[in-house]
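The first chain written gets the first letter, and so on, giving A, B, C and D; residue counts start at 1 in each chain.
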Amino acid sequence: MNRSWVRRWLRKDGIAAIPFLAPSLAGFCLFFAVPLAMSFYYSFFDRVTDGTFVGLGNYRELLGSSSFRKATGNTLLFSGVGVPLLILLSLGLALLFNRQLWLKSAMKTAVVLPLVVPIASIVMITQIFIDWNGVLNAWLYRLDLPRVDWLNSDGAWTVILLIYVWKNIGYNMILFLAGLQTIPRSYYETARMEGAGSIRQFWGITLVYLTPTLFFVVLISLVNSFKVFRETYLLAGAYPYDRLYMIQHYMNNMFFSLDIQKLSTAAILMVGFIVILMSGLLKIEHRFLENIE
Amino acid sequence: MEVLLSSGKRNTRKRIVVVIASLFFGILLFWTLFSNMLIGLTLPRVVTEAPTPGSLDVNFQGTSSLRPVLEVELFNHSGEKPTEILAREGDVVQKGQLLVRYDRTAKEQQLELEQNALQKLKLGSKQLQDDYKLAARGEDVAAIEAARNALESLKLDLSAQEKRIQMLQTELTDRTELRAPFAGRVTSVLAIENIPSNGADIRLLDTERGMQFDIRIPADMAAEWMEGDAIKVRTLGKESRLVEGRITKMEADSGNESNMPEESAAMNIPASEERQAAKEMVQVQIRITDKSLRAGNRVQVELTQSAGGDTLILSRKAVHQDRNGFYVFAVQSRPGPLGNQFYVSKNYVTVIGEDDQSTAIAQEFWLEETEIIVESSEPLEDGQRVRY
Amino acid sequence: MKKISMFIVLCLLIVVFTGCSSAGGEGGTVNGITHTPTKQPSAPTQATKPASMPSPDPKKQSTLVFSMYKRDSYFETAAKAYEKEHPNTKIDLNYIVENTGEDVSRAKQEKFKSAMIAEFLNGKGPDLVVMDELPADKYIAKGLLANVGDMMKGDTSFKKENYYMNILDSLQTSEGGLYMLPLSFSLHTLTGDQQLLEQSGVRMNDQSWTWKEFLDTIQQLTAKQDDRYGFMAFDENKLLLDMARTDYNRLVDAANRTARFDSDLFLGMLEQIKQMKGKTVLYYGKDLKQTDGSKGFPIYFGENELLTPFQYFHYVANKQESGDHSTAFYEKPKAEGQQPGGYFEPRLKIAIHAKSSLQPEAWDFLKFLMSGEASAAAAWGANDLTYKGQGFNGTFPISKSLYAAKTNNMVQAGPLQMLEGGPVEITEKDLKKLDSLIESANKAIFDGEILQIMAKESPAYFHGQKSSQEVARIIQNKVTTYLNE
Amino acid sequence: MIFARNLSRLMLLLLTGLVAAAMMLPILLTVTNSLMTEGELSFNYSLLGVVTEASAQAKFVNLKLIPDWVTLSQYAKLLDSTPKFLQMFWNSIKLVVPIVAGQTAVATLAAYAFARLRFKGRDVLFMVYLITMVLPFQVTLVPNYLMIERLGLMNTSGAVILPGVFGVFGIFMIRQFMASLPFVYTEAARMDGAGHGRIFWEIILPLTKPGLAALVILLFVDYWNMVEQPLIFLKEEFDYPLSLYLAYIQESERGVVFAASVLYMTPMVLLFLYAESYLVEGIEHSGIKG
């Protein structure tokens, strides 16, 4: 009975949604939806203006490009390793900081601080470490090992991964902390009274109620894993070491080659991938929402 | 309990953060205003003007001093000392006017002597005439001859003596006076009373023929002139006025400036040889027949020429010169954080003409509505920021 | 329910409609600045190449937009002069930086590149643009630039004999189109003492030599005598760039998207450059610094970039001071079988937007720029040694008559006062020599991503940090990535 | 029992301490380096990015945490002789504050619709929203440029602020927070006949406080760090925000880069310290009982 009532008023929400959605929708159409639609349109033409329709020609060409495939593979690898790693670490930290802890506040600040470090400093400090004459090579020298050109070796990949994790861990932690606050303490109390252990509590309550946040964090981490391009670009230029050559490099280079078709096509492919990923996540979220209803 | 405590702690922390934040922003705000002011003060201050369109009458002014066309020195040939000097410097004299009287006594005494000698000779001649009459009656031919000879020679002596006296007499009138040989003006009196002079006593100027001077004039300005044309000349001095002159001679300037030591033909430009050299000059001789003018008087030739049609007039101080030519400093405004900021931009210009106040430059696009720097508290450079 | 779906449909419609109409031919006004407000959005604006260039309608009010990265006073002067002559045409000069000094970080350059891409691809963009900072080949490949070569041919009032056509002709693309006109250029040459080289008895032919032959020649020369070095290059990297440029087609196969930087050819270049260091080849940048012998290296050949005629005399005078009395200019080595002729570097390359509705006006203005009628510089002096900030006024102009006027000024001004040493007389004979140098130049110095990648990685080898194979492999990888994008 | 608990606490402290130290290292480096003299900096880092001869074996960049001589000269130089810096600092404020305020407002409203209301096409629309968040800047630059130009926003701060205000991040984030709020909270009000406006304002909004705090922090950080938009859409350097000064700091200004970084970071750190208390303010404290 209760359920059908909910469904009924939900159906009426359409009109109610308009005032809430209108301001956002107007701006969104102007600044995001139109450009997105145009990108989509570009991906089927051979030129931006006065182009002829080439159907899937751009897509075929793109998939035929070995550099694009390389970029895709590298991006998948980087995000595939980086995102889970980041989420695990930040969730762990958030859980840690959600408890009573000495000097909690100071440490929390310490974890969040990398977020505010400007790119210029990040790049410079990274260079101090990985330059040919940098600190890492100085240590190697002391160990009587030959120097390494970090930016042109597989080490660069690790370095970028470290930068990514270091920089975004605070970001995710903030999100998780905020997410954790939405879980009513009473749930834990009830669970504790029912005799559930802390691990059971984590799986049963924390993780379940954190699902929407988690969904969000996954996507943001993914977006941020793309954004680490800025640092990579400043460190290694438009054509970095093979392993570092990500989809963002490809897109950036396509942009400066005026190849908007390939750029748009690559973007659309990327969007397609993300849509699939998100549909999965949304489905999980729906299940969760139904759960808590 | 714990919640209350921690929220109390939180509030203190928040307060601390707020205090630090306001301190931080306060300092930055203060510094923003302060440093802008400070920088503003250290900038060189400039005075500007906007070039006004119009044609500048390019003035040429050449000054020169007059020299006479004819001037003679009058000497005392007697060698006597002047007793009375009638002429004074600047006197306008008529032809034949007495100028100086010289000492007559020596001459008069000599005349008296000579006259006495003549008297003596005349007495002697009576004797000889008598002798001759006597001898003529006789038959002694030789005696007659001798007597006649003696008489003849005495007659010669007599006439010679008479001539001498005559000479002395004319000398007495002529040489003891100095008279003007022509109408003119006494330019200087050199004779001094009672002191015999060796040189000229009076310098006399022929006013009929007038004065003349040489001057160098830019060729383009003199282009319309021919020899014989009239020209206005300004006299300098207390009573400056315009007099009419006439061109007597024109010749292209040899370029050798050492030839003309006197005049200072100048376009009123900062001494810059390059500029002078750039202008072709013409050497002009102008004669003035104005009685009131004296030699050595400064005269000035003023010429005006409209410089081009499309010119802008600028203060002369605003135009500078370097190796590459003339330039001005324009003020360029760029928008800055607190209003506009002004920068110096150096621009080369084509100078068309100048007078002592202003310079005419060729109209150029960027000069429209541009402020040109006239004065600056410090030497300027291209691109420098200034305030005004 | 219905309303919601209506709303969404409406929104999507807006999206699609605006998307399409914007993507179609763009000719609309923006902020009321641009010209031709009436243009069918869907009308193809594909530049129909006119058989003969129509002269601009003098009665039409038009505003030419002229974009460039760096402010150039010559353009400002010229624009104003042109506006005065053509009261109905306004020139709107857009530049990003006052001078390159304020953009050390190249942020503004990135901005300029991005903005130009956005404008061009939206079918707007300037009518004229200075291409020096932009990847011209990409613009040409996308058909964004008009073929000025055609305009030139179609314009009867354009007097070819007044321009260095050898320069313009050699800037044509392989299809014969000419998309950019340089307003000026510099010359890249070798210098040597003619007498000395003739006396040495080593046979050489600078008209046709390749780098290999050239380097062989040097080796022969240095084998004979002991106190003279062979060749003073600027540094290893520049030498490598020069060598790679001549053999570019053997290193890069753009059509098949393959690079051969791991080949023996390239490895050979790298190794040869390093091996010859010392007796045969000296490096200006490093060796001169180390020995403090500012002039003290007797050499057979030096390399030189002449930016102005002044530099020619300056260089000859300098050599004279150090004892070379018959300095002659030689052509730089070229690829095998290539036509004789020296190298030049085009500067201030200007292109016309293919979709500009004001092409006749733009061409007319470009013609005006090329003629140098508005050039204010009277003569070259010691201050004009560098290209920096001099723009058009500093370097060799593309206009022959302007060049003649300038050199004439130089002769008129009398002996050139050098920064050091005595004044140098400028004679007609010298100018003739220089003329032939200009007239024979027919190889443009080009740059590109591939050469930049190479130049970035190779110093590690020259400084002994990595082996040649390692460097070659990295270059090969990166270039392959580039080619396969 | 107590001992074991203390031990585990100690272990935890140690662990987090270590993590924190590692995280802090670059920031410490920045701060301490900002207190060095320019001479010391250039001595330490002169070899950075220089291709040295292989023979120069033992020459390395000198990493130093403690300055030889503590000085504020970098700050003095930055504030005194770089008026551009301060100008850009205020520009950043002028750009970021409206964006954060605007996006928070717009996003909260939209998020409510996405999270608490149900209408047809909601999920599709939301998906479209999300997609735009993922696209790199270059992809939409060309159409965006056109749009901004058409709206007459080119070279005005509006070109940066407006797209920022309508950014999707906030919607997404707040939606997730609102979605996870149990429906029971609003059901009672709903039964009482409260409209969506009231529910939003009186119940949901107070409950999303931690989320809003997180949003403000993250938005501030994101937009404080933005580089591309202002670079492309603003023309004059005096309109540029501080992020551009730092992202493209010049070689000659390396002596002040650390000081500039410290000043650059300060507002964000202060904001975090301030908002942090809201961030951890659990639901129990917000006065609503379930």
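Heads up, the rule we're going with is that contacts are C-beta pairs under 8 Å (C-beta built on N, C-alpha and C of every residue); 3 or more make two chains touch, one makes a residue touch a chain.
Fair warning: this is a prediction, and the values are worked out from it, not measured in the lab.
**Q** In terms of Cα-based centroids, which chain occupies the most central position?
**A** C
**Q** Which chains, taken as a pair, are joined by the highest number of C-beta contacts?
**A** A-D
**Q** Let me spell it out: compute each chain's centre from its C-alpha atoms, then which one is farthest from subunit B's centre?
**A** Computed centres place A farthest from subunit B.
**Q** Could you state the distance in Å from the CA-based centre of subunit B to that of subunit C?
**A** Each chain's C-alpha centroid was found; their separation is 61 Å.
**Q** Could you state the distance in Å from the CA-based centre of subunit A to that of subunit C?
**A** Once rounded, the distance between the two centres reads 42 Å.
**Q** Between subunit A and subunit B, what is the gap in Å from one C-alpha centre to the other?
**A** 91
**Q** Among the residues of subunit B, which ones contact at least 2 other chains?
**A** 13
**Q** Residues of subunit C that touch two or more other chains: which are they?
**A** Answer for subunit C, listing residues that touch two or more other chains: 1, 4, 19, 22-23, 26, 114, 117, 121-122, 460, 465.
**Q** Of all the residues in subunit A, which ones touch at least 2 other chains?
**A** 11, 14, 17, 25, 33-34, 38, 42, 48, 105, 132, 254-255, 260
**Q** What part of subunit D is in contact with subunit C in the complex they form?
**A** Of all residues in subunit D, those touching subunit C are 51-55, 119-121, 125, 141-147, 149-150, 152, 154, 231-232, 235, 237, 244, 247-252.
**Q** Which residues of subunit D touch subunit A in the complex?
**A** Touch residues, subunit D against subunit A: 9, 12-13, 16-17, 19-21, 23-24, 26-27, 29-30, 45, 47-52, 57-61, 63, 106-107, 109-110, 112-114, 117-120, 122-123, 127-136, 138-144, 147, 151, 162-163, 165-166, 168-169, 171-173, 175-177, 179-183, 190, 195-197, 200, 207, 210-211, 213-214, 217-218, 221, 224-225, 227, 243, 246-249, 257-258, 261, 264-265, 268-269, 272-273, 276, 279-284, 290.
**Q** If we count contacts the way the header does, which residues on subunit C are in touch with subunit A in the complex?
**A** Residues 1, 3-4, 7, 11, 14-16, 18-20, 22-26, 44-46, 113-114, 117, 120-123, 135, 138-139, 142-144, 355, 449, 453, 456-457, 460, 465-466, 474, 477-478, 480-482, 484-485 of subunit C touch subunit A in their complex.
**Q** Give every residue of subunit A touching subunit C within the complex, in rising order.
**A** Per the stated touch rule, the residues are 11, 14-15, 17-18, 25, 29, 33-34, 37-38, 40-42, 45, 47-50, 65-68, 70, 132, 147, 149, 152, 237-239, 241-242, 245, 250, 253-260, 262.
**Q** Okay, in this complex, where on subunit B does subunit D touch?
**A** That would be residues 3, 7, 10, 13-14, 17-18, 20-21, 24, 28, 31-32, 35-36, 39, 335-337 of subunit B.
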